[in-house]
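One chain, chain A, links the two complexes that follow: it is found with chain B in the first and with chain C in the second.
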Partner chain A sequence: MRESKLWAWHIVTAAIILVLLGLHMGVMHLGAILHALGIGAGHPTHADEVFRRSQQLFFMVTYILLLGAALFHGLYGLRSMLFELSLSKTAEKLIGGLCAVAGFALFIYGGYVAVAVFRLKGV
Partner chain B sequence: MQNKLKNNLGLLGWLSGGRYGAERYAYALHRLSGLGILAYFLMHIFVTGSRVNGKAQWDQTMGFFSSPLFKIGEFMVYLAFAYHAINGIRLIMVELGYMVGRPGLPSFPYSYSTLRQRPLFVVVMVLAAVLMIIGGADFYHMMR
Partner chain C sequence: MSGSAAQDSAVIKTVRFEVLRYNPGKDAEPKLQQYVVPVTKGMTVLDGLTWIKEHEDRTLSWRSSCRMGICGSCGMFINGLPRLACNNQIVNLHSNVVVVKPLPNFDIIRDLVPDLESLFAKHRSVKPYLIRKDPVEQNLPTGEYFQSERELLNYIQFAYCIKCGLCMSACPTVATSEDYTGPQALTQAWRYTADTRDEGAKERAKELYSTHGVYRCHFAGACSQVCPKGVDPALAIQLAKKAAFLKVFSLHKRGRATSVAPPVDNWVANKDIPKAPAPTVKQE
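On to the complex of A and B.
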């Protein structure tokens, strides 16, 4: 039952990532083409452009959502692959625990960065 | 107690398609691309975290990653993303029972779910290739 729920979340987060990372990739990797065509703002990784995006509520919220969804999806995927190697129960528990701790820690760090940069607005 | 079969192939079981056809290689590539994206994503969290220290720190970080080697690496991640995302849509559709047809008694000429979803597989691969070409054009513009 627990594994079915985790699997369902794996699919739900995949759908969330598809939308949000699609948007992120569009901004980051179609930016140069749009810029060359005279559409859109400056280069996507220039500091002004990065901070302009990071200080908009929409981007701050979507960054945190994407961070959570991608961490769950990626770490659950890694855990599933490792579990297929017929490991002992102890090793499975250890891997599951490590993935959960790493996921929470990275989410807190990434979330802190997103909020802190958003709050730099106007400073 | 879960009823689990022992994986005697280990890591080779992930990569070898054996006699299972194109979808099995798509599965192996999906996992490989997933692992590559995860490795990049974990680094990406820390790299983009440098912006918390202001624009000067961000410019310094971006300067470090501006060499052609890193750009090629970034393009490889983009290719992995394009494949993983589009193939992932196919996997979700198949998981939810779309494009695989209804189960039925085997009758000649035999039709099975893998074969019935093959057109979807082809469309997905073409879409992934188109995304890769568009992304490649963007990287070419950025490198110039």
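On to the complex of A and C.
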């Protein structure tokens, strides 16, 4: 059942990524179009605009959610590919463990950055 | 010889058979050997191989039995696709060259004889039989089980599998990962799991949903394309995945295995049906 849970979350995170990447495309590309038309704040890739977005609760939560979903989805996919190399059980366990540790560490680091930038609000 | 029999045995054309020959104990590597075979009406690839054995080369080896697409013995790689040699007519290949090799993804025992041990080992691993929790009912069933037509349709197409191994030889994941359970065994695991008479889903799930189970399927669909019995293993695997997904999020319907039907009152045996012979093995 463990593998079923991992795979089910792999599918759920794919759906989350699809929605959040849609949002990303909207913010990045539709934002640029709106900016070119004189609507909206600044250009979406300008540093002050990036900071402005990062200091909004909605975007901070979105970034952490996207980070978690992308890490889980990507690392599960990597693990699946490596498992098809007919490895020994020990090697499989090692790969599973490394993926889990790497994913957790990257999530903590990325999450910290998102929260730290959010907390700079008003500074 | 009657007119139609003479027509049937008339040579339509000749084709060149290129057959892979390999004797692991003797040959350094497999090689293709050519034979010219006269083709008659309705002649199958298996008939062509038989003609070669009878007229050209008695050492050619392959495995076959029923000659009618039922036993699943004569699976071979014919003109680039895994097929049964007995139900593929040479004229339908639309080529003057027939290349016959043993099924890919299996070791070669000799010439066109693949070693299907891995297929049967994987098949056994999914416990391909009805499992009842009651050991008495399992070993000495007391009667028939209720099952509606709709419940039967849930699995019946998967029950047509003849264990020929064509799906396994067409599967790209089996080709790269020898640990992968494969479409044949996974389909059989789903065939019994989807059967309302079965109570062994939990036992079978260990293999079905293992690290090398349904989740390693890339959904290439080659297994369904080559199945000579019209079984759709790719569908079985997707249905198994769907069931697992719903279970993980507790969205599945909790069904109970069907029970034994009670004996029918006032039942009278049809006199036209002969009585079954007495068991030849003593019940202990």
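Here is the rule we go by: the second predicted complex is superposed on the first by the 123 of 123 C-alpha atoms of A that agree within 3 Å, B and C clash if a C-alpha of one lies under 4 Å from a C-alpha of the other, contacts with A are read in each partner's own complex, and residues count from 1 in each chain.
The definition used in the following text is that a residue touches a chain if its C-beta (ideal position, glycine included) is under 8 Å from a C-beta of that chain, and two chains touch if they have at least 3 such contacts.
All figures in this text were calculated on a predicted structure; none of them were measured in a lab.
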{"item": "Which superposed partner A:Met1 touches (first chain B, second chain C, both, neither)", "value": "second"}
{"item": "Touched chain A residues, chain B compared with chain C", "value": "B"}
{"item": "Partner chain(s) touched by A:Glu92 [first = chain B, second = chain C, both, neither]", "value": "second"}
{"item": "Partner chain in contact with A:Gly22 - chain B first, chain C second, else both or neither", "value": "first"}
{"item": "Touching partner for A:Phe104 - first (chain B), second (chain C), both, neither", "value": "neither"}
{"item": "Contacts of A:Ser54 with chain B and chain C, given as first, second, both or neither", "value": "first"}
{"item": "Which of chain B and chain C A:Gly77 touches, first, second, both or neither", "value": "first"}
{"item": "Chain B and chain C footprints on chain A, overlapping residues", "value": "11, 84-86"}
{"item": "Chain B - residues contacting chain A, complex", "value": "4, 6-7, 10-11, 13-14, 31, 34-35, 37-38, 41-42, 45, 48-49, 51-52, 54-55, 58-59, 62, 78, 81, 85, 88-89, 92, 95, 134-135, 137-139, 141-142"}
{"item": "Chain C to chain A touching residues, read off their complex", "value": "173, 176-180, 205, 209-213, 215-216, 241, 244-245, 247-249"}
{"item": "Residue ranges of chain A in contact with chain B within the complex", "value": "11, 14-15, 17-18, 21-22, 25, 29-33, 36, 43, 45, 47-48, 50-51, 54, 67, 70, 74-75, 77-78, 81, 84-86, 106, 109-110, 112-113, 116-117, 120"}
{"item": "Sites on chain A touched by chain C in the complex", "value": "1, 3-5, 7-8, 11, 80, 83-86, 92"}
